[in-house]
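In this document, chain identifiers A, B, C, D and E correspond to the written order of the chains, with residue numbering beginning at 1 in each.
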């Protein structure tokens, strides 16, 4: 079955081609069927492959053809099917299918041509994402890596008439590119040192790399991950990316693409385990991002922005997990996060849909009674993300935090702080949206309604997954070998596990931490709900820290001031001063010099015979002098015209 | 025989076109001749081994009419042969004064270009080098934009200085050859001292650096591209700049390996400065043509740098990228031409929202633009991947700095797309319509080429492998 | 000091003095006359060197024919001291200095020339300058060049006609 | 010897033709016929079929190359007469005399291609110069022509004086009128153990020859005289006379390289660079095409001096080719120029529209002068540069030369720009179809030599 | 007489001729100065011819060495005569048109 793995990306590719080329000729329902159906087909194949892998437990490499083959470098176009990629395949195609389904309803107001374009982009995205996770070497991964960046760009700028959206799309692409450069450099480094970019070869010959090489490669790869997974300092594109349609945010900017960085590092776990310096860096950056984004999320009023910062924050947790060596935990969190964050976004989409594209939560409220399904699923998702047991988020976050404690207790405490903030802003969001009284306009009030089945069905499915998804990763303390995900992934992380020194916490300590954190989170939730239930929008401006948070720590402005503006200034300087005056001016200057000297030398031609003869006589004198005396002049001339 | 025919057909048909009166017939003859050339070129590509043609030419001087078509020659011959029908087809509806002269000069340019790529005799090479330049001078000066005369003048003199210096270099090497011959092989076998190599290198390289162009010798280029008639610009940037790269690989690398090694760092640093510099300037351009021009400078800079890294991966990258860049940039110029022809402006500030009016054009351009930023699965990715690889193996830091241009290229390319196609329509684009069918077809062909070459580049790599191996075997 | 030497120095002084007078005379007619004096002095030198043929030819052709031609032209144009244009002082100075440089350089060169030491020009001895000897050589060895000069004269003649003739 | 005698005789014939034929155009045709005769006579000697043998007592020495050079000049004159004959008629009343003078000049040319010893050099140069003084002044009513004639004459006779002093000093040093025999060369790098008198004489002779070929800084007469002279005769002066001067120059100094030591090369490079500089740079600013061509002829002289600098087999071949190429192109461009009503650059505006054939041929000629490949001028320049490189000369001076060649492109192209790219109504005098045919023939010849120079060199010369 | 004396004399005359060309404005005088230069050359040639004769006489009493020098003088005179006829014709022509023989006024052609 694993041999048929090429079918998995093939279906979305076909979907993309059909929808893309036929967008003018196909009806909307046809487009929806093709778009969703192709992903569904992929999902089915993925499931089959999953069971195949689960049964055999081996990894398979399927080579389609040789992509690049030059002397000393062979890059096959090959897919690798193993436990890690299969997990991601399931997440991508599974959630992808749901979101495609959701989109058919969410986007129903679009014109057919644009509708087709939308689905084509989505299919292309799935295709790229599948390449990313399926690739058997870093180059194929990079193809997908850039491909998803492209699709993200296209989808963020989907409503291309709005220039702000276009800017956001461009920002996303450029920031991703910065990361991609790091990724590329790392790949070059690997090829330079090992002559290959294929995973298996790289891990086989890892001993040929010096410690510096490994640190450099891992750091550069991590730079790539920073861009794609929105870590400090390259995170600012993600909140802006909310310009795209909400299902896109759910699929790309929450569930799948942004986790590519985690996938990549998990894939490269061996190298990371050998580079403790980089691990520490990852842990610190992940943790910092988690906290930083959480603080910003506290004060955001745009429903999607809150979720965006929440995503950034959660991604930070995943990197913390990677940084402390809890690869399984990170992958686990990717999975659970995919469930509940997709759900949150889709729920938000449902709300936005109902509110006629109103996104400000201060203008919502009391939607509980209008949209019961959305409300319930959203609440479940909030509980999951806040980490209330036994919802899925609890298990994955707990695993990461426990591993962090084992590495360094400070990580744990800071991480816990972030988790508390998460609970706060999520329930602030929930409360403002669903509880209390309706604060929207009259027109909106009359239209608020529950979403159609195509939208609610994915919500329900995801809600179920959010609730029970954690059960595949029950911690060791509860039951021996209950962590089925961990067991499944063992072959992938076996080599790093051998390197790492295992030091588990005492079971009692672990129980204590779980209990305390759960209590704290529950407390925060109650506090939040009670304090925001009676919320009335006020016009008073925030001050102090609140203002700072509302304006996202002014990071965008800071980047603008220290990077964009200077870069623009340099570009303008180059264009108007250097290029125009110095380089082109130099070239033209030569021309001017010639015509200037032309005018001057011309004056020698005075028309006076006497002057002409005078110069001739002097020239003769000079000739004789040169010949008969080794004058300084002739000495230099001699040097000048010496034979080459 | 194929190499000879490749040159003769455009040459003779070019001369013949001059005597035609009607625009239609001259267009048709030009297109027909270029298609025949394309067919011949495909035959050359499909044939095995190196093609030769040899005839006596200047017996007293040691110059012979020797043509050689190895992998690189086949590849660039193919690029030239593809470009011309594409350009003719894409601009089929453009009207020119004195069409016969226009198409005649274009075909002469083609003959010159093919000659440059096929010549295996230094003097012959020089001849074709100039033959490619002179028709362009007339093309640009007669059919160009407002400032055409001044700009073309600068372009001509600039490149002419370069080629004269190259002539001195050729003469110098010729005088040092054992058998007093201009043959390529004699040039390869010439024994030069270190100092002589440095002289020869400088003389040759300046000519090629101007042609490519390499910072800071590039200022003729944006002006010339802007002012030239677009059909000529396509050839200029699609094929003609490759002359410089080609010539470095064919003539400089094997002839003066010592000097190349000695000056590699200098050239690479210049190229990399040029890449970043041109990219930055491209960001601030308001003119579509100038943007493409600066973008081209940046791309060529990378190729030049990779040549001088002197490792096999980099050189393979140059080979494939020469072809790819040609295809991509011609596509971009076609789009620029379409926009200018239809809307009468190239200024971003006067454009916008075209995607609503001409979605097909938008999609085609986006693909080409993505190839321009070397997105994976477009052809340019393969090339740039290898190029950067080569550069990286030479020096990590230089590669890192050069990598900045990857980011910057995304910035200006997306700027371009956004400003032309996105946003709301403005005054000039309100009445825009979809592009003509012939342009759609041409662009479609190019886009397919872009994607095919991006997904399955191996045939092109295999085609040029022999040249690369020969160069490394020679050293 | 022999009579030859005395004659030499006298003639030299005469030649140089007259030559200078040619330059400084304001009246062109005087200049011509001084130049005639120079030619006479030079003819004297020829005689001193026993180059009788040249001495006579010099007198006839130069002093006689050519200078008279000059004189006629000057008189035809009615040029005199008043109408004589003068260069400004700086130009004159520059001319004198550069001419002086030319002289100085060549003289210093001759002074350094070893091959000239102890070389003498025969004055009275030697009869190659006699008409008979010269004539023999001229019409034997140099007959071709002699004939060719006829072309020169033809063209000069045509020239004088073409230029001089009033249309 | 054939050419010397026949040209002198034909000169006399032309003189008398004026008496018998009042119709000017008949005289032109007679001249063309006479030139064919002269060409035939010269070719007879070239192919050693019939040679007039006279004992010249070693005053003249005939070699194949000189005779071939004669052929080139005669053919060039023939083309010149065919193209510009009509304009010679219009210059003045003494048409027959003008042609006679041209034949006398050709006699001088023949002498200069075969002189052996300084006496014949002197006579040859004078035979060539004196008719030129006259031709310069033929436009008698034109003050410019008068002025040019007087300037040319005064400076020409001054340079004759310098030359004679040089010859005298050489004679003083060596005791005969051959050059370069008494100089004993010594080890390289030091001043040769030469007779000081002889060296000084050579330098003076060199200066005088520089004057004749208008090399800087002895070039000052050239622009004024070329500008002032009637354009038809400028054409003749700038081509046939000038290249002959070069041929004589190189013949005279061809063996002096080793003898005069390294300092000689320095002086020569100084002259070459000064010539290139003055010629090219000054030409840039000229508004009058005629004057621009005068400066360009100085610039071309700079290139031809490379033949002297290198002084090897290649440079001799090169000077032949250069002469042919330069004469053809210059005669062609002057033939066009003469037809223009306005000699300024603006006068050429839009010529391509009104007279496409003229514009095209002028373009070919200008390109040839600029040395662009596929024209004869390229190979001319090529030979010059190649000979220097081959002689192991300084690469620096070659580079300087090509840089100036690029400058030359600047001003040549300005004319092409005016003809093709600028708007205007260039006015010409009446153009006959035969004139056009002649021009096209010249253009084809230029292109032919440009593509296959060996045809000219190998077929005729070897 | 030592040959140097003749050389110095002739060079002086020659230089005076040059100075004359440089300092005078009257075309006729300038031309006369050129003639002076030629005469200086002539005298030097004769002197040299006698010098070479002196050297040759030591070996061979009947030698004709030096004749060529004197004949050269003859040819110079011939040429000078031809030049004068043409030159004066040109000067007269100019005078007819401008009523002046001042070479400083000859500046219609310049630059």
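The rule is short, and it goes like this: a contact is a pair of C-beta atoms (placed from the backbone, for glycine too) under 8 Å apart; a residue touches a chain by one contact, two chains touch by 3 or more.
The model shown is predicted, which means the values in this text are computed figures rather than measured ones.
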Interface with more contacting C-beta pairs, comparing A-E to C-E: C-E
Per-chain Cα centre nearest the global Cα centre, belonging to chain: B
Reference subunit A; chain at largest CA-centroid distance: C
Centroid spacing, where centroids are CA-atom means, of subunit D and subunit E in whole angstrom: 27
Distance between chain centroids, defined by C-alpha means - subunit B, subunit D (Å): 42
Centre distance in Å when subunit A and subunit B are each reduced to the mean of their C-alpha atoms: 36
Chain centre separation (subunit B, subunit C; CA means) in Å: 71
Per-residue overlap in subunit D, given as positions that touch at least 2 other chains: 119, 123, 126, 130, 133-134, 137, 140, 149, 151, 154, 158, 196, 200, 223-224, 392, 395, 410
Subunit E, residues touching no fewer than two other chains: 3, 7, 14, 17-18, 21-23, 25, 30-31, 48-49, 51, 55, 65, 68, 75, 79, 82-83, 86, 90-91, 93, 103-104, 106, 108-110
Residues within subunit B bordering two or more other chains: 172, 199
Chains touching one another, given as label pairs in label order: A-B, A-C, A-D, A-E, B-D, C-D, C-E, D-E
List of subunit E residues in touch with subunit C within their complex: 1-9, 11-26, 28-29, 31-33, 35-36, 39, 42-43, 46-51, 53-55, 57, 64-68, 70-71, 73-75, 77-86, 88-93, 95, 101-102, 104
Subunit D partner contacts - residues on subunit B that touch it in the complex: 57-61, 126-127, 130-131, 134, 138, 141-142, 148-149, 153, 156-157, 160-161, 164-165, 167-168, 171-172, 174-175, 199, 203
Subunit A partner contacts - residues on subunit B that touch it in the complex: 154, 158, 172, 195-196, 199, 216, 218-220, 277, 280-281, 283-285, 312-313, 316, 353, 355-356, 359, 370, 375-377, 381-382, 385-386, 388-389, 392-393, 396, 399-400, 403-404, 406-407, 410-411, 414-415, 418, 421-424, 456-458, 461, 465, 468-469
Interfacial residue positions of subunit C with respect to subunit E in the complex: 4-5, 8, 12, 15-16, 19-20, 22-23, 28, 31-32, 35, 38-39, 42, 45-46, 49-51, 53-54, 57-58, 61-62, 65-66, 69-70, 73-74, 76-77, 79, 84-87, 91-92, 94-96, 98-100, 102-103, 106-107, 110-111, 116, 119-123, 125-126, 128-129, 133-134, 137-138, 142, 145, 149, 152-153, 155-157, 159-160, 163-164
Residues of subunit E touching subunit A in the complex: 18, 21-23, 25, 30, 103-104, 106-111
